Each structure stands twice: as structure tokens, then as C-alpha cells.
Amino acid sequence: MKNTVYLTRKAEFSASHYYHNPALSPEENRRLFGKCNNLNGHGHNYTLEVTVAGEIDPTTGFVLDLKKLKEVLNREVLEVFDHRHLNKEVPEFANQIPTTENIAIAIWRRLETKLNGAKMYRVRVYETPDLFVDFYGEP
Amino acid sequence: MKNTVYLTRKAEFSASHYYHNPALSPEENRRLFGKCNNLNGHGHNYTLEVTVAGEIDPTTGFVLDLKKLKEVLNREVLEVFDHRHLNKEVPEFANQIPTTENIAIAIWRRLETKLNGAKMYRVRVYETPDLFVDFYGEP
Amino acid sequence: MKNTVYLTRKAEFSASHYYHNPALSPEENRRLFGKCNNLNGHGHNYTLEVTVAGEIDPTTGFVLDLKKLKEVLNREVLEVFDHRHLNKEVPEFANQIPTTENIAIAIWRRLETKLNGAKMYRVRVYETPDLFVDFYGEP
Amino acid sequence: MKNTVYLTRKAEFSASHYYHNPALSPEENRRLFGKCNNLNGHGHNYTLEVTVAGEIDPTTGFVLDLKKLKEVLNREVLEVFDHRHLNKEVPEFANQIPTTENIAIAIWRRLETKLNGAKMYRVRVYETPDLFVDFYGEP
Amino acid sequence: MKNTVYLTRKAEFSASHYYHNPALSPEENRRLFGKCNNLNGHGHNYTLEVTVAGEIDPTTGFVLDLKKLKEVLNREVLEVFDHRHLNKEVPEFANQIPTTENIAIAIWRRLETKLNGAKMYRVRVYETPDLFVDFYGEP
Amino acid sequence: MKNTVYLTRKAEFSASHYYHNPALSPEENRRLFGKCNNLNGHGHNYTLEVTVAGEIDPTTGFVLDLKKLKEVLNREVLEVFDHRHLNKEVPEFANQIPTTENIAIAIWRRLETKLNGAKMYRVRVYETPDLFVDFYGEP
């Protein structure tokens, strides 16, 4: 690719979750997950960064139409995750623990085929300002 | 008071909540609270700022011993609110909606008599970086 | 007022401006305003904080309906200021220099009578993260 | 290279711009660029991150003399871009739309040969805190 | 005063300090100050906010000439505090512990008579992003 | 590796340092290091980001147990660097200048064999919010 640039858009969503593996005993869950194992749930303001890679379209100066990127982010991610309980309401987490790691992969898979031909490069998810996960897709 | 200074300490906690008034109909709850009315709960990384006012102790140069302030914040607020579901686990919200406004007042009341004689000046609670509430106590 | 709380909402807008007083000579304008006097204009991402004061409504736990506050901010401020040239497109600055000081007062006046009975307490405008102005209204 | 480290310096500049492609109709410009097409211009506080890569000089412990890097950034970028109208005053944008993508490439080209032998690794430009572009040079 | 506005400017300085009261025993110093009592010193990136209050000058739209404010801040504070050891090099701390509280008062006193007639309203000093002190002057 | 994710944890420490090469003359030290050459020392709030890479453990949804990572960071880095004078108290800097570049490498070496089999990917050290260094290990 010639003169690839990488464009990143941030978005926020607020959600609840808890960590619990039903294949393990309550004691083992408590030991592994500590206060995140509270089944009443707790929550975060997640920050999402989506990075796409591409060449600049000389007509617009854009890698990607930002209005379309915003629409895709809203429809595929924010409407599904924002103000939701991840364990109870987001299908990917019916059988999978909603850790930051698994959230990053779930968001990648929701977005990667919806970008009008632009190439997904990275998904970053911050659970708090001090903890974040990057996913660059399957090799 | 002579040469009053105001010292502020920040702390964070992550919690779930929802907004629901049982005296109102489901439709009215939905209209008033929108997506915050989802009874599965959603969550936030709350940021708390506690401000105390006082004169400087010439022996230490401090208004207040910061280690003691940290202990009080941990015991009275963070252990009660962090990784909790506010509606289900924090007593103040058994019969009161856990809005940012009510959270700020609840924290003020938990702290105001525990500060070893220092004077509470303000409690600020951020629900997100774009929304916060200040409470300065009862007149 | 009993148990007043102060609620603050942030918003952003991006705008152009320049500083120029037509009653002064070009040299005097250049001396007073430096590179801000460039008549081609330059711009900023302004951050606005609007603080309202009030008692909590026991039915909702709110001082003010946040959806209504957002609508008022959008209609009265953001649609007028965002992606605009302040000197050329915002009426308050046809005959007044759009300094951060004057912007804060202009936003106060646009908002103070539109808050459904809530009381405006403060308008804060950041021109950059390192420079901001607070206005608390006329005495 | 042995023990390469990557050093990043941030800087800010405030500028105006608009998006307009004179080869297209006014309607098409409006459709593609929305409110960015306002020919009066609007502006941003841009944040620039310049990353250089190199081995550490054992005499100084530095990859690069930071005072020299600051001088180069000031002379080659900030004096040209800060408090300017990008479309009207920066030569690269006489015939090219000053999108964040094109700004990142323009800054790379201004800096890459001026670094006293250090190697440019990345230019990042934030248009707002929620939108940024990375450029790593031509392949 | 009519239509008072409050203008705040931020600045940063990096300095070393330690906490030690020579009138107390080593054990008492250790108990009161913990790891801050390490006599080798430790350091911080301090952030300073200086707020001045005044009416807007209709000729300029300014409360205060920002270039002059910057000069005063540089001369009276930054040249004295930045890249210095507060206990050893700043006169106020020859006989006083350089806590954030005492730093805020020292900066207030250095600035209050140097502002060309503008009125100092507040000095805020952040020792870290999570701890800050406000001083509003003597009553 | 299949489906590698990258997890980053931030931590802070406050330390003093100065820049001085005893093999050079005082004049040459002053010329190279400017105000950082002040032998009384100055200090910073350093921010550290440690990134580890790995596959997700399906039992926990984690790349790495965050409690163990925190313990390792505290024991290997924070207890050694926080509230210390880097030149006088941290062994790596007895014979090496504690620049941000050298700090990043020292932290990498302290951590890389202590991660319970997880793979260190990157160490980032911010000296100030505007200056940071990345190190990705030896090739």
C-alpha cells in the first residue's frame, strides 16, 4: 500500500458486568476474580478507540468518511453495549466472561466487515484510564 | 479563620446502578430516565473529589494528615461503593434513586463527621468526564 | 435554598476567530493582540462547562432533566458557535472582540433564561487546556 | 539496530481550516464535508506527537538532543501552522484539502530530513481529543 | 464590581523536595511524613493555576494582558521553582516545610502585588493529578 | 501465536534525578544538560505503562492475572523508584544517567523475567505529559 495513514476515532459507553465462570466453584471464582465476582455486577465508563488503515482519497483528503464510521460505530457497538449489562444483554457474553480482552475481540468482529472496504487495524478498549487492551485481529 | 487553605483528594470507584421510581408507571419511568431505566443496570467509573478546609499546622505544613484522609475515604466510601451495585448494596439507595446528585450528598454525610476535626468543604462526583455534581453541605 | 447541589455539563465546539479593534491603528492592534490579530483567523476546540444550581426533585433525584439541558445547550450554543467563524457569523461579535472573556458572557446570556426555572450558576469556557474563563452572572 | 528506543515529543498549535474541493459542485462539497465546508472557516487546537527512533548515546543517555528537537519543531512546524489559516497560509494546502490525514503527511515531510541524523518513526496529529491520524512515512 | 470575570492560566514546573521538621526526632519525622521524609529528596511535576478577577477592558476584551501575566508567572514563579530543589534553593522553604499547602501560599505572595492592578483571586497547586490545594489569600 | 491481545497497565511514581556525566567538564555538562544539570536535583511524576502480549486463557478470559501483574510492578519497580532519588538510590543509575530512555530500559530489564511466562511487549515511560519513551526490548 502506498502512503498508508491510520485514522483513530474514540467513543465511550457505560456498561455493567461481572466475572464468573460457572464451571468453577464459588471459592475458585472468588479467588480468581476477587471483587469483580460480585454477581450484582459493577460497571465502567469504557473508552473505545477504533483504528482503520488506508490510502487517502485525493477527492476528499479522507481515508474514510467519518460520518459513515460514526454511524457504523453507533449501530454495531454503542447501541448494543451502551447502558447495558454485558453478561445479560450482549450475546457474545452469554457463554464467555466479559473481560476487557474479550470485549476488544468482540468489538473487532462486529466491525471488521462493516467498514465499506477500509481495513480495520486495531481496536483498543480502556476499562479504566489505567487499564487497556489492544487487539489487531487474527493473523 | 486565618489563612484557610483547601485541600482536595481524588479517588475512583466503579459501580453499577439504574434509575427507577417504583411510585411511577413503567412508561413514566422510561420517559423520565430513558436508557438509564434498564433494570439490568449499567455502570460507571466514578471520580470523587473531597475538599477539606483548614489552617496549616506549623509542625507538619499540613491541613490534614493525608494518610488518615486516605484511610477514611477507603473505609467510609470506597469499600462501600467500589465494585458494588448501588441500588442493591448501598443502604442510602434502598429508597432513593442513585443519581449523581444523591451520590454526592450520601458521600458528604458519610464523611463529614469522620475527618478528625477538619472541616468538609465540598464533595464533587463525576459520573463521566462530562458530567459532575458539587455539594457543599447543608446551610 | 435547602440542600442546593450544583450540576455541571461539559460540551465542545470548534470555531475560528481573530482579535481586532477597528478603532485602533494596525500597529496598535498588532502590539495588543500579537499573532491573534492575523485577519485570516485561527481556531480552537473550545470546551464549555455550564453549571446550574438547585434542589433535588425527590421524584427523579435530578436537579434538572439532563436531556432538556442538552437540548438547550445544542440549540442555544452549539448550533450557533460550532464550526463557525465567531467574528463573521455570531451576532454578539459583530461589534465586540471574541475573547474568551466575552465568549463566556455571551453564552451566559444565551442560556440564563432558557433553563426551565433552574438557576444558572457559572459558565466556564476553556480556549485551550491551559486557559479558561469563569463567569457567574451580573451582580 | 541495537536497543532502539522511541522518543515522543508533544506540541500544540491552533489553526483554522475548511474543507472544499473546487473540482466539485457546491452541493457535492456540502454533502461530502457537511459543516466543515463552511468557507468562513472553523478551527482546532491540534496536538502533534513526533516520534523519533534511535540508539542511546552513552555520553548523554539521549536518543536525540531535546533542545534541538524543540527548535526544529518550532521552526519547521509551529511557526508555520500556529495561529494560521491552513488553506490560506500554509503552502501545502493551496491545492490540497487540509484534513488531519494530509496535515500528518505534510508535517512528516517538513521534519524527516531535519532531525540531525535521527530517524523519524511516526507523526500523530489529533484534530480533537477523539480523532487522530498516524503516519509512518512512505514504504 | 460590575460583570466580574475570572481568568485562569495554567503553568507547570518540575521540582524536588522532602518533608522534614528539624525540631522533631528522626522517628517522629518518619512517622509523620513516611516516604516523603527521604532526605535524598523526591520530585513532582507540579501544575499551577493562577486565577485573576476583574472587569473586561472594552478596548481589548481582556481582563488582563495574557502576555504580561505569562511574563510575571515566568519571572516570579517558574524561574525560581522549575528544575529546583525546593528545600535547598527556594528561600521560603529554608525554614518551612515545602508541602503543597505552603507552596500555594508562597506562590500567592510572590504574585499578588505584581499583577498590574488586576486582583488575585485564587492559586491552585497540583502535586499530582490526584492531590491539589487552593488558596484564596488572607481575609 | 493465535489471537494475541496486548494488555497495558499504568502506574505512577514520583522521583528526583539530575543529569551529569562525570567524564565531562562542568561547562560541557551545563551545555549538554542545561537546567537538568542542577546537582541539587529536580523531580517528576513519572507515568509508566507496561504492555504484555499473550493469548486469552479461556478459563478466566485474562491474558494475565492483573493482581499478580500489580504485585510484580509494585515489588520490582514502584518500591525501588517511588519517592527515591534515582541517581543516589537506584543501582542502575550509579554509573548511568537517569534519562527517560535509560529508565525505560532499566524497567524493562527488571520486569521481563518476572511475568509468570507472559511476554513483555513494551515499556513506556512519561517524564511529563509531553515527553515519553517506548522500549520494545532487545532484538
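We just call them A, B, C, D, E and F in the order they show up, numbering each chain from 1.
Note that a contact is a pair of C-beta atoms (placed from the backbone, for glycine too) under 8 Å apart; a residue touches a chain by one contact, two chains touch by 3 or more.
Worth saying up front: this structure is predicted, and the values here are computed from it rather than measured.
Note on connectivity: the fewest chain-to-chain touch steps from chain C to chain D number 1. Common neighbours of chain D and chain E under the contact definition above: C, F.
At the interface between chain B and chain C, two copies of one sequence, fewer than half of the residue numbers in use appear on both sides, so the contact is built from largely different positions.
Matched by residue number, over half of the contacts between the chains of C-D recur in the interface of E-F, chosen from D-F, E-F or A-F. Most remote from chain D, judged by the distance between CA-atom centroids, is B. On a Cα centroid basis, the chain most remote from chain F in this structure is C.
Centres computed as Cα averages put chain C at a distance of 28 Å from chain E. Multi-chain contact residues, meaning those touching two or more other chains, occur in chain A at positions 129. You'll find the chains touch as A-B, A-D, A-F, B-C, B-E, C-D, C-E, D-F, E-F.
Within the complex, the chain C residues that touch chain E are 19, 21, 23-24, 32-34, 96-102, 104-105, 129-136, 138-139. Across the interface of their complex, chain D is touched by residues 1-11, 51, 56, 59-63, 65-67 of chain A. Residues of chain E touching chain F in their complex: 12, 14-17, 35-36, 38, 40-45, 82-85, 88-89, 128-129.
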